[in-house]
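You will see chain A twice below: alongside chain B first, and alongside chain C after that.
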Partner chain A sequence: MIEVKDLCFTYPTGVEALKGITLTIDDGEFLAIMGQNGAGKTTLVKHFNGLLKPTKGEVVVDGVTTGEVSVAQLARKVGFVFQNPDHQLFCETVEEEVAFALRNFGFEENAIKKRVDWALNLLDITQYRQTSPFMLSGGERKRVALASVLAWDPQVVILDEPTIGQDHQQKEKLRQFIVQLNAQKKTVIVVTHDVEFVAECNPRVVLMTEGKILAEGPAEEILTNQKLVAQASIVPPQITQIFLGLSDFGLPTNVIDVHEARRILLDILEGAS
Partner chain B sequence: MAVIKTRDLTYTYPGATKASIKDVSITIEKGEFVVLTGPSGCGKTTLCRCFNGLIPLFYGGKLEGEVVVAGCKVVEHSIYELARHVGLVFQNPENQLFALSVEKDVAFGLENLAVSRDEMRKRVDWALQITGIEDLSERSPHELSGGQQQRVAIACVLAMQPDVMILDEPTSFLDPVGAQKIFEVINELNKELGITVILVEHRLDLASKYANHVIVMDEGKVVLDGEPRGVFNSEKARLIGVGVPKATRLYQILGENGIRLGRVPVTSEEAASLLREVLKRD
Partner chain C sequence: MSMFEGFRFRRVSSVIHRLDPRVKFFFVCVLFVTAILFSKLPPLILLFFVPLPFVLAAGVQREWIRSMRGALFFAVIIFLFNFVFTYFSTQYPQLPSASLLERSLAMTLRFLVLVESFSVFFLTTSPDHLGLALEQSHVPYEFCFAFTTAVRFVPVLADEAQTIMDAQKARGLELERGNFLKRVRNYIPILIPLIVGAIRRSLELAEAMESRAWGASEKRTNLYVLKLKNADYLLAFGSVLMLIFAVYVWRYVPVPTLITLLRL
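Moving on to the complex of A and B:
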């Protein structure tokens, strides 16, 4: 469990990035943090693995106050995949990259090999095992970064903009994988602007603006609230936009999923004829 | 008039065992707004690198077939000559900006082309104005937000007044409202200045409404090439796993259930108005 209590953070430059955040994230939860550029989303999640320490307030991860331990101690429990894979990748081959953290954590060579195989296979990059990460496309580099964190099987996985550069099929795989992690009681926290991805996953959503939490709740509630969405510089999913445009027919306005949309439309059209 | 034309274009990176793009033959007309999409690693970025000569002039490797850009055969010209015709905006503006002020960054390309000082002043001001960042001209690009940086990157390329502007997922680091604003700037460049736009993009829900030509690649080949509605609604697009706009997907799902809408929608507005007609009928 992650407990954030009245968290404030000010960067050394004087920028006040977080202004009193209180939030509880349970084990096995899938949480999406959304909001405009500069709202403080990444600053917030960097507190979960201790990369940043609170200026005021506290963050408690599984009973441990992050201010009192090092990033290295928290990393085993909380894995962080950065927004830009180039900030994370540095080894000469994909295989070494994925094995790097495992070696640091002191895994046995045998276990390392198994875990690397597993992670490469999971993210569909086995064929690049001996390739330099820097020879790969942007979307592929992103998957190498993901594999290198998932390999050590952390209890909490933080993904900063995981869908950037990913095609539709990769996104669907990512969605299924997150569902699987949740089933194993692992916590997944995603920072994202990808409204359509969130609409497909329907996680709990936390909307942020200017260092504060603007609203939180199920995706279908938050993403269909036009006022909140506009305040957070996002746009409703396309299906929601369609239904908002048809509200005068008495259609519900809180629809985010295309299959739910089909069900509602079929009910009306078949019921009428 | 074709501004880009390729014939049987095949390219292999140095040291690679297989070609990254294979037998690509496409024509892009002047003034078109093209969306180039396809699974990650399918060769989109490689194809774009052929348009401004980075391939083969910078990357080396083996290029077969032909690519003609604004009347120039790419292999017969240098990168700086091609830069006058084709501008490239990177996915991540941080990889492109480096000067100490926005104005200097925007002027950099022109300095390299040895444009006169007066002309440079005029073009820099013009590019800053069109992209809506005049008030940022003295700021350091590195203290700007992602959306502002992307506008600077676009201004840098725009100042060179290219015939063709290639943008490689230019909004992926931006929030949806910021992304929409960038798409509107790009759309203006296309509609008002007549610049041919090639947009590499996965998020078709946001980008499709501006396009009049969609090219889909898969495993190095062009597999679909035509106007958006036809491409998005094709069986092939579904099989490759192209993330067609949800409006188009809803049209298809309703069709499978016997409800036919008047035509294939690409935007939510279109889908809503087509559904309106069906709902009224009942």
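Moving on to the complex of A and C:
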């Protein structure tokens, strides 16, 4: 469980990035943190594995205050996949890359081999085992980065902008993957401003603006609230926009799921004929 | 990364910011030369205070203090190296003498003066201004461009290094663990992505420049032209005076050490 209590953070440059955040994330929860650029999303999640320490307030991960332990200790529990895989890939082979963190955490060679096999298989990159990560495409590099974090099986997985630069197919794979992780009782935290992606995943949404939490609740509730999304400089999902535009026909205004929308439309059409 | 903060330009205006970069650079060079001329502590202490009015007048105290704090680490290393090595090669087994201490301090302060004067220059001169100054000093445009680009990308690289460090720490890398060799090796996971990123970026930059007709015309003109103003002449005059004075003192006046001064 991650408890954030009245967290404030000011960068050394004097920029006040977080202004009093209070938030509780339960085990096994699926959470999306949304908001425009500079709202403090990434700054907030960097507190969860101790990369940043609170200026005021505190962050408690499973009963441990992040200010008191090292990043390496917290990282064992909280995996963080950075936005740009190029910021972390450096090994000669994909295999070494995935094993890097495991060596840092002091796993035994046997266990490392097993976990590397498992992670490569999980992300469908076994065929690149001996390839240099620099030779792979952007999407593949992203998967290597993901595998290198999932390999040590952290209880919490944080994904910073996972959908940027991914084509639709890869996004869909990523979504299924996240849902699968969540089904295994992992806590998944996604930082994004990809509204459509969040609408398809339907997690709990935390909406941030200017270093504060604007609103939180189920995606259906938050993403369909025109006033809230406008304040956070995002737009509702396309299907919601259509339904909002057609509200004269008696369509519900809180739909974010395309399949649900289809059912509703079919029901109405059948009723009309 | 805090030392690189000293190179990050903030777009503000002050008397110092508006000075001609060529004159300012000349002034910094005079400071540089003077700091190299003297190896005794008293003149270096005096020299340390010379750029301070400029810092205050430009209103860049906070950035300046930050870059000085960054230089402190290297200053400590320089001090230790000077002190320890000179001590063991000359005075060991006796106790270290006060003059050795003073000499080591002087070397350290010399380094600080150099960092100080250059950080004042970079804090108050925009990269654009700098490039303009180089161009109008008849340096070939290719070199000017390479120089301004290098300066321009220092903060970008510093940011990137920070992000990479965070990413590797999140994968359990502990930079401060192990003996000296291990610690140096710890930086490999930081350096490789940083270098690969820089090379990739430079290739992209080259393509972007080509697509914007880099080098299409031989004679480039500039929207802004640098022109010396009264304040510039004043600073140039002051710098020349300072240089003459420094050379005179260095050549003809026996400079006392702090210890002899204190004894008087």
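In this section, the second predicted complex is superposed on the first by the 273 of 273 C-alpha atoms of A that agree within 3 Å, B and C clash if a C-alpha of one lies under 4 Å from a C-alpha of the other, contacts with A are read in each partner's own complex, and residues count from 1 in each chain.
The rule is short, and it goes like this: a contact is a pair of C-beta atoms (placed from the backbone, for glycine too) under 8 Å apart; a residue touches a chain by one contact, two chains touch by 3 or more.
The structure presented is a predicted model; accordingly, all values stated were derived computationally and were not measured.
Overlay on chain A: chain B and chain C clash in the combined arrangement. Of the two partner chains placed by the overlay, neither chain B nor chain C lies in contact with A:209. In the superposed model, A:242 lies in contact with chain B only, and not with chain C.
Once the two complexes are laid over each other on the shared chain, residue contacts for A:258 go to chain B alone; chain C is not touched.
Looking at the shared chain after the overlay, A:79 reaches chain C, while chain B stays out of its contact range.
Judged by the touch definition given at the top, the superposed model places A:195 against chain B, while chain C stays out of reach. Considering which of chain B and chain C touches more of chain A, the answer is B. Of the two partner chains placed by superposition, only chain B is touched by A:164; chain C is not. Look at A:51: by the touch rule set out above, it reaches chain C but stays clear of chain B.
Between chain C and chain B, the overlap after aligning on chain A sits in one stretch of 25-33, 43-51, 115-123 or 205-213, namely 205-213. According to the touch criterion, the shared surface of chain A, contacted by chain B in one complex and chain C in the other, consists of residues 84. Those residues of chain A lying in contact with chain B across their complex are 35-38, 83-84, 136-140, 161, 164-172, 193-196, 232-235, 237-239, 241-242, 245-246, 249, 258-259, 261-262, 265-266, 268-269, 272-273. Touching chain A in their complex are the following residues of chain C: 2, 66, 160, 163-164, 166-174, 188-189, 192-193, 196-197, 200.
Contact residues on chain B toward chain A in their complex (touch as defined above): 38-41, 45, 91-92, 94, 145-147, 169, 172-180, 202-203, 205, 241-243, 245-247, 249-250, 253-254, 257, 259, 267-269, 271-273, 275-276, 278-279, 282.
Those residues of chain A that touch chain C in the complex are listed here as 12, 46, 49, 51, 70-72, 75-76, 79-80, 82, 84, 86-90, 100-101, 104-105, 134, 148-149, 152.
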